[in-house]
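Below you'll find a set of structures to go through.
One chain, subunit A, appears in both complexes that follow, with subunit B as partner in the first and subunit C in the second.
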Partner chain A sequence: MQIFKLFMKVLRKKIFTALIFVIVFVAISIPMAKNSTTEKAFKDTRLKITVFDDDNTPESRALTDMIYSKHKRVDIERDKEAMTEALYFEVTNYVLVINKGYSEKLAAGETDGLLTSYHIHEWFSVVLTDQLLDSYISSVNAYTAAGCDLSEAVEKAGEAVADETEVNYTSFNKQSDFGRSAGGYFSYLPYILISVVISALCPVLITLNKKEVRFRTNCSSIRPSSYTMQVFAGSAVFVSAVWLFIMVIGTVFIKGSIYSGTEWLAVLNSLIFMLVATAMAMLICSFTPTENVLNIITQVLSLGMSFTCGIFVPQSMLGAGVLSFARFLPAFWYVKANDMLCGKEAFDSSKLAGYLLIEFGFAVVMILITLLIHKLRYNSAKPAVRSRSSELRAQN
Partner chain B sequence: MANSVVKIDNIVKRYGELLALDHFSLDIKEGEVFGLLGPNGSGKTTTINCLLSLLAYDKGDIEIFGKKMTPVSYDIKKKIGIIMQNVAVFDELTVYENIDYFCGLYINDKKLRKQYVEDAINFVGLGDFRKFYPKKLSGGLLRRLNIACGIAHKPKLIILDEPTVAVDPQSRNKILEGIESLNRDGATIIYTSHYMEEVEQLCTRIAIMDKGKKIAEGSKDELKRMIKNTETVTVEVLGLTQSMLDELSALPHVYDVKYDGQKAVISCSGGKHNLIRILDTLQKKEVSFGRVYSELPTLNDVFLEITGKALRDKED
Partner chain C sequence: MFLHNLFYELKSSLRAKELIIWLMIFPIILGTFFKIAFGDLYDKQTKMDTIKTAVVGIENDPNFRTVIEQIEQEDEPLLKAEYLDEEKALEKLANGDVTGVIYAGDDMSLTVSDTGIEQSVLRVFIQQYSTKAGIIKETLASDPSKLGEVTKALMADASPNHAEPLTKGNTDFYIEYMYNLIAMVAMYGSITGLHIAVGNQANLSPLGARKCCSPTPKALSTLAGIIGSWLVQAVCMVICVSFTAFVLKTDYGKNLPYVYLAAILGGITGVSMGFFVGSIGRMKNSMKVAICMTGSMLCCFLSGLMMGNIKGWIAMKFPVFNNLNPAALVADSISSLNLYTGHERYFTKLMYMCGISAVFITLGLILTRRRKYADL
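Then we have the complex of A and B:
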């Protein structure tokens, strides 16, 4: 077990960067996953809103009360410059002026010139507030047209818009117990798996394959198969430990209990992606990059895949061009599988199996390319290696 | 007669069109310090790689310790130690851990290995540095660590490929003393070097290689006897005339006289009292002279005469 022990000793010296990745990942992903939106956490958006009532009638006061019941009241100075500043610095999001003559016009069934609003951004909550006001005015008009007097119409319209709409998230996966928080945690895994495996495993493999020490090892009485097996065992122990650690962290801090049901499929998905990351590390090592180049490769691959495959940005928000490109990257299929398990896509076991198989295929292809590179290098490098391998084949 | 430790019989190795080893043979006996000399590209490293079965050859046979050497001859490999020119240690391991690792490639028994590692550390004088990492060691100490890693398992055959390149004189002496000591303890040594004085000091037998062929083999004295030059006399002298030079050239056993206006270099082949005869001739002609040197041929002279080039005149 000399080689295995050596692997672990070298790993101890090289693991620092990987540990930083893991610590940062755990520190960021757990709070993010915990704070991700869940069904129970749904709330109406509340704007910071300012109302100036120039009409000062019971009807205008009713409107003011209705608005403040739904949004947060912010009082500012009635001055154009102060209003602009408050809107710019987001002290308030929406300024509504109830114009003089509001009640009279409302009673007359007029809709123009009742209100004046000021806001900077056309964001969705502003649009919703405009819709609320339109709805309120329309309701008042409807009730007055139906024969109600103005005060009664205002009261009924206020009751109508006060009704809260019950919101339910639609999940394609009805039987799923795979929470959104756990889903969020799993969705970030490719980034950390790639970063940790490449930044820790590659330097160890490169050190072990340093030309001079490899020569000395080849001259020794250790069998090549034993050497390979021990290096493989070291790599397997390391990547398994990383994967297990991340799974345990997910269980303890995100889930609070042992994984169950479809969560095991997410665990399987992450295990396959760990194989992908390991194969990727082996492929990179076959080019024996320097430490600096390795750092660049790690960042390019981990961040590149994270941004193009839907890890940091949901796939639904990515452009068609980006998604077409991402299909050629394993993380894309990991995210597809994870999204399905999260309920973002209708659960289909055969489709899921397809996603997992494509991921696994990436791992197999990368391993085959690695072997091919080694073979090509054997053929093009110093004949010592080539001849030795051919002699070994002959002897076998 | 001592047993053969290494027997290379008529091996041929081609790299495509290039003939790297051309019917090369060697017979190294037990207890010898065998020097393998040759310029870069002469086939020394190819010979060593073939010897270690890291390289297959096209023709011939290699036997080590009386058995045919193959890539899977692990029992033979156990008895071989390698010390290459480039330092082959792990920067991530301490001195002790490095030696322990390389020793562990041969010795499984932990207790025995511990003893062997301690012996190796003491042998190369790295006792005070056992917890140091290689990056903290000087060039000389690093070479010693490299040697310790190669000999910790107490091999019977040790192959040293230019182990003293870029080493300070103190460390070089320590290394050479170490090699002599290993040999006294029973190890057979194969030593390649560009430093003739080292080869002269260490080796009991020497083979000179060029272009994949063995062009000479024997002890130092045997090799020196193979060449024409037996003595070179150098005389610092001013104003020698052509007639004087002709007179010196006509002396018995003198076969070459070179004069640059300041010193005359007179090459002799065989004979005795060459120096006295030369000085007598100069005195008779009342030629005053300064310092006088008489030098016996070195291996470099042997090499120069046999191969037609200096050992270090060409780099890869």
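Then we have the complex of A and C:
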């Protein structure tokens, strides 16, 4: 077990890097997953709205109350610069000013210049707010036209607008009891697995493959197969420990109980991706990169896959060209499977099996390439060793 | 002697692989990924496609069909309806072919299988129709003679709300990530700045040990180190801004020269911060690097590199903090060029950057002053 012990000794020096990645992942993922609860009913889109009431009459206050009953109230400073900043950074989505003379104009049946609004982003929810205001004002005017006095018209319009349409929420994805919270936790996993495995495992494998260490090991009494097995065992212990730790954290903090139903498929999906990340690390190590090059490779692979495969930005928001490219990356298929499991796509067991198999295929191909590279390197090293030995013999 | 030191400072900086990787290659890679992921995201989020809808029981409310047909005739219709029986409609909803199923009739209702903006649009659409239909029914029941006036009031093209624009700039929120990328490179300048102090401290580097023994005045070699690092950092900032502007096609409008200025000043602030951290105490080099990297990333996080709108939240809760965070100052100064027409806010941010740099450099010089080999 000499090699295994050496492996663990070198790994201990890199464990801090791995721990930082895992702790950051857990610290970010848990609050995010906790915030996104499983949808069991229809929830209307609520905007963050700021109302400044310059009229300050019962009618304007009724409008303010109606808006705040439907949207979230946000108070900000009334200053153009502060408003711009708040709207741009989405502290608030919509600023409404009820102009002076609002109630008088409303009583006279005038609609122009009643309200002034400010918004920066043209989200569709902003258009909805405009429509809500139009609907409210036209309802007040209609009730006034029907003979109601202004206060009665305002009250009736408020009631009419507040009367919610019945919305039935039906989840057709019966196969999936995989909550969005757990889905969110699993969706960021590829980024962290790639980062942890490459940044912690690769330096260990590179150290073991250093010319001095490798030559010394080669000339020792340890059989090559035993050496390979011990390195493999060390790698397996490390990646399994990382994966198990992440799974246990998910069970304790996200789920609150043991995984069940389709959640086990997500666990399987993550296990396969763990194999992919390990195979990737082994492939990179076979090129024995320097520490600087390894750092940049880690960043390129982890961030690259996260941005192009739908980990940081949903696949539905990515361009067709990006997605076509991403199909050649394993994280794309991981995300596809995870999206299906958390109900973003209709559940289809044969499709899911396909996604998992493609992922696994990536791992197999990378392992084969790694073996090929090792074989080629070994074969090319042999004649060099032979020629050196024959030189020495000739000298003697 | 000053020029000699400056020349070698520049030469050694350019040979540092870490500098090339983290200040040049990494921002280029990260910026490219930002462009790939966020390039069209804003347009996609603000553009609304026609919502496919199934309507059940339209025979119960012929007026509703008329309203839908009017909407469908618009250039960019809000919705496209299919009139189906309940079974087929629900099947289409299950397959994702339609966003929602509207049940027409006296008690209108909506069935959806997901929560989102399209579903909310459908609900508001039905809500508005039901409100109007309810008012008409109420009028018919109470005073039918007023029906004409009521219908006219309901159908009138009321525009009570006047929307006032606040900015003429690019409202694509995701462009903030590019500004924060520039801020990140500026903050990484702290590693460059750290080398000045490390290179002067005998217990941290052989170079520091040699410098301590050399007859060159300490102030001269430190000054050469600071100016050399500022120059190298300025070059990195220019490369970063040029890459975002000319390769990634980030729209800075006519403000590109101001962006260069803000980025270079940001880089100077980053270097100054690194010089100050490097000058503190007798900590190991690795500890100082860790402090610089953690501090830089924390500043970038609070400026919005990882979560775009965190800076806005901080601006509301602790407005002073954004003027003390060097990364937020860099990103804010560039952002202000985009959002506001005047340059007042931009120059205020630049003044803060100059102030922070001056404080860091002064503190660093005080800490390294008269520190001899024997003191370490």
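The criterion applied here is as follows: the second predicted complex is superposed on the first by the 261 of 396 C-alpha atoms of A that agree within 3 Å, B and C clash if a C-alpha of one lies under 4 Å from a C-alpha of the other, contacts with A are read in each partner's own complex, and residues count from 1 in each chain.
Quick note on the criterion: contacts are C-beta pairs under 8 Å (C-beta built on N, C-alpha and C of every residue); 3 or more make two chains touch, one makes a residue touch a chain.
In this text the structure is predicted, and so the values were computed from the model without any measurement.
Of the two partner chains, subunit B (first) and subunit C (second), which one does A:I367 touch, if any: first, second, both, or neither?
neither
Does subunit B (first) or subunit C (second) touch A:K9, or do both, or does neither?
first
In the superposed arrangement, which partner chain does A:V213 touch: subunit B (first), subunit C (second), both, or neither?
first
Between subunit B (first) and subunit C (second), which does A:I222 come into contact with in this model arrangement: first, second, both, or neither?
first
Check the contacts made with subunit A and report whether subunit B or subunit C touches more of its residues.
C
Which holds for A:L271: it touches subunit B only (first), subunit C only (second), both, or neither?
Neither: A:L271 stays clear of subunit B and subunit C.
Now for A:Q131: first (subunit B), second (subunit C), both, or neither, which partner does it touch?
Once the two structures are laid over each other on A, A:Q131 reaches subunit C alone.
Report, in rising order, the residues of subunit A that make contact with subunit B in one complex and with subunit C in the other.
Shared contact residues on subunit A: none.
Show me the residue ranges of subunit A that touch subunit B in the complex, using the header's touch definition.
Those in contact with subunit B are residues 2, 5-6, 9-10, 13-14, 207, 210-213, 215-223, 383-385, 387-388, 390-392, 395.
Could you pull out which subunit A residues touch subunit C in their complex?
Per the stated touch rule, the residues are 39, 42-45, 76, 80-81, 83-91, 96, 109, 111-125, 127-128, 130-135, 137-139, 141-147, 160-161, 163-172, 292, 295-296, 299-300, 303-304, 306-308, 312-313, 317-319, 322, 346.
In their complex, what parts of subunit B are in touch with subunit A?
The contact residues of subunit B facing subunit A are 15, 49, 52-56, 70-72, 74-75, 77-78, 80, 82, 84, 86-93, 97, 101-102, 104-106, 149-150.
Which of the residues in subunit C come into contact with subunit A in the complex?
17-18, 21, 25-26, 29-30, 33-34, 36-41, 44-46, 48, 90, 93-96, 107-117, 119-121, 123-124, 126-128, 130-132, 134-135, 138-139, 142-143, 146, 149-150, 152-154, 156, 158-164, 166-167, 171, 173, 308-309, 311-313, 315-316, 335, 339-340, 345
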